[in-house]
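Here is the structure we will look at.
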Amino acid sequence: MRNKLLHNPQAVIGTLLIAIILLMGVLAPFLAPHDPMAVDITKKFLEPCNEYPFGTDQLGRCVLSRLLYGARYSLGLALPILAFLALIGTTLGMLCAWFGGIFDRLMTIVCDIFMAFPPLVIVLTLIGVIGQGAVNLILSIILSMWVWFVKVVRSYVLIEKDKDYITAAKISGCSGADILFSHILPNILPLLVVYFSTGIASIILMISGYSFLGLGLGNDIPEWGAMLNSAKQYLYSNPMLIVYPGTCILLTAAGFNLFGEALRDILSPEEE
Amino acid sequence: MEPLLTVNHLSVRLKKKGTSLVNDVSFQANSGQILGIIGESGSGKSMTCRALMGLLDPSRFLISGEALFKGQDLFKLPSKKLRPLRGNHIAMIMQNPMTAFDPVTRIGSQMVETLRAHQQSSKEQAIASITQELAKLGLDDVPRILNSYPHELSGGMLQRIMIALALLLSPELIIADEATTALDVHTQAVILEEFTAIRNAGISMIVVTHNFGVLAKLADDVVVLHDGSVVEHGSVYQIFDKPTQPYTQELLQASNLKRG
Amino acid sequence: MIEVRHLTRTYLSRRSPKSKEPFVSVNDVSFSLLENTPYALVGESGSGKSTLAMMLAAILPPTNGEILLDGNNIWALSPKELRLMHGEVQLVLQNSQGALDPRRRIYESIAEPLRKLRHLTRQEEQHTVHDILHKVQLQDDILMRFPSELSGGQQSRVCIARAMALAPRLVIFDESVSGLDVTVQKKVLDLLLNLRQEYQSTFLFITHDIDVALYMADHIFVMKEGKIVESITDAHGYDDFNHPYSRELIESLPPKTPYNR
């Protein structure tokens, strides 16, 4: 398994990108040359120089420092969101698929209703009602995405549940919980990991996307999407202010996507 | 007895790992007779047939030896010449008829298309000869069959359609790879009767199977394969009455379950 | 020991979900099996034999009728009692590779029923697993392997070991050897004959192959389209079958030698 990962260029690039972003976030206080929030109007729109390697923005804040701290926001929001989604998706998906019946049918209807709305509509409405802020952003992204996770887990369990080894487990005296947790879950886990790692890429895109639209965090916060939002007015005068955070978002999403897809290739049965 | 197909020193290896799948196999199929090839899984029997039909991907498999069909070496023929040979002179019937047909095209159009790819004939002529051939094989209600999709027909019916298709091309040699394995005993019996009729019509066959009963019913000569090599080669009577090799004896004994 | 009364199982037709006519897979089947006796049931695909096996093994509830184990209707038991009943009634499936959890080592697969259904100490459990492993003629080294690393014959033996480790009173074999090569099949069948003697269990051997049925049991049922059409208590050869369907099956068999084509 580890060998296969090392021999897969996609996986290696993906892992490297993820590692870089993680390091950026973790080491931001040590790497950042300035306080990312420190405003100094006198130094606005500075060209890259020794003191400000990536220059400064419209309020004279150090762009490099803001980018480094931005990794914290992207991952810091995306990881808890993913954790909740994974928990909700796995629990409800497994229960639906296992018990079937009315519960499953109700759940399917709820899922279909949620899926009929684009996530943006759900998030817009929620933010409109409960207001901006990190917690509210997390909540609304979870609310707009949880049904997809439930559906995916449910379909994986449904496929697994019909396999012969599940029948064999029943004959071996396993209870429903035994089968779900000690047979089905370990067998679908690799599939879930793949789905979750590509899922985190879309969550990161969502966070930045909503911040860009002004639905996420405030403009003062060094979040990549928010940075894009405030830089868009200076597209022609200072295009680099858009390029830097855009590249960060792109590389992060690409890293998780590459990793997830490589994982899927590695885990899917080889043609012999 | 004149050999129609002579296979000399056929070996098939996996290019990547060098694993030998078929190892120095030689036999001959006589004109107007049925040659039975028997073996268990991993014996190389399917690999042998697929090598003969040119169905092995040359980028993955290394084939050596020769297969002389009426004096022409099948392994040396350029694909341009091999293609008309397949179908017109050598036809193949596969194990799983379900996967041999295109699932989204009606049986009739698939048959017409195949027939017209090999023969100069109008659509109407093709349908007429297909109808005639299917009727000969004891399938009633031909129009309904031609109008069906593969999944609407039983495995036995599809297998008979495949046989009809092979016969329509009036080949000189038919290779049947485990053609009755997936079928129930009734359908197997019907198909085996059809093979007997094909032989009586003067067409030669190579029947590949794991079932000695099929050979007892059909074969003139038998090749016993094990682990990619020929264990024993002789007339069907020799093999059944006086098997000389321990493996043949074990195989015969295991196929003929007797208590005590 | 086990008595089956008017057992019926219907499915709603999948091909045409609009039609209300259900498909009858097992149709009013009644029979009884005695303690410590081998039985065989012959049927072609679609005869309902697998559905019958699943109902007997308490995996699939019948639509109608009852299965009495020592006089108690098993489908009237609580889910927990039903689960514990698997200590006495076991089923060995056809696809032995599929019947083994691909992410579990062989030891875990064989030990699982013991853990769920028998209360053994670690040591007793290990002892039982090794014991049954030797009885099915497998070596210790396979215990730490995964199912995909085993040959078809080995997988089939593992599945037999898993069922027999419980020393069950009834074991149902649903086409358990039909995917194997004939030489391997013969060895597994001989192994089963010995195991049955040793454990004094009742075996119900479900197969499409009349020769296998005759090899395994004296008492043979013939099943067709959901019904048992013939039950022969003392079958020794083809001549003992009388029902027209059984005769048809036998006449369809390929000959044993090239002399009687």
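Order as written gives the chain letters A, B and C; numbering starts at 1 within each chain.
Just so we're on the same page, a contact is a pair of C-beta atoms (placed from the backbone, for glycine too) under 8 Å apart; a residue touches a chain by one contact, two chains touch by 3 or more.
Small disclaimer: the values here were computed from a predicted structure and weren't measured.
Taken pairwise by the contact criterion, the protein chains link up end to end in a single open path, with no chain closing the loop.
Counting C-beta pairs in contact, the chain pair with the highest total is B-C. Separating the CA-averaged centres of subunit A and subunit B is a span of 54 Å. For this pair, subunit A with subunit C, the centres built from the Cα atoms lie 49 Å apart.
Note on chain placement: the centre of subunit B and the centre of subunit C lie 34 Å apart, centres being C-alpha means.
Along subunit B, no residue makes contact with two or more other chains. Chain contact summary for the complex, subunit A toward subunit C: residues 163-165, 167-175, 178, 183, 186-187. Residue ranges of subunit C in contact with subunit A, taken from their complex: 54, 57, 59, 83-84, 86-87, 90-91, 93, 95, 98-103, 112-113, 116-117, 159, 162-163. Across the complex, subunit C meets subunit B through its residues 44-45, 152, 181-186, 189, 208, 211-212, 214-215, 248-249, 251-258, 261. The part of subunit B that touches subunit C in the complex is made up of residues 40-41, 184-186, 188-189, 192, 196, 210-211, 213-219, 236-237, 240, 250-251, 253-259.
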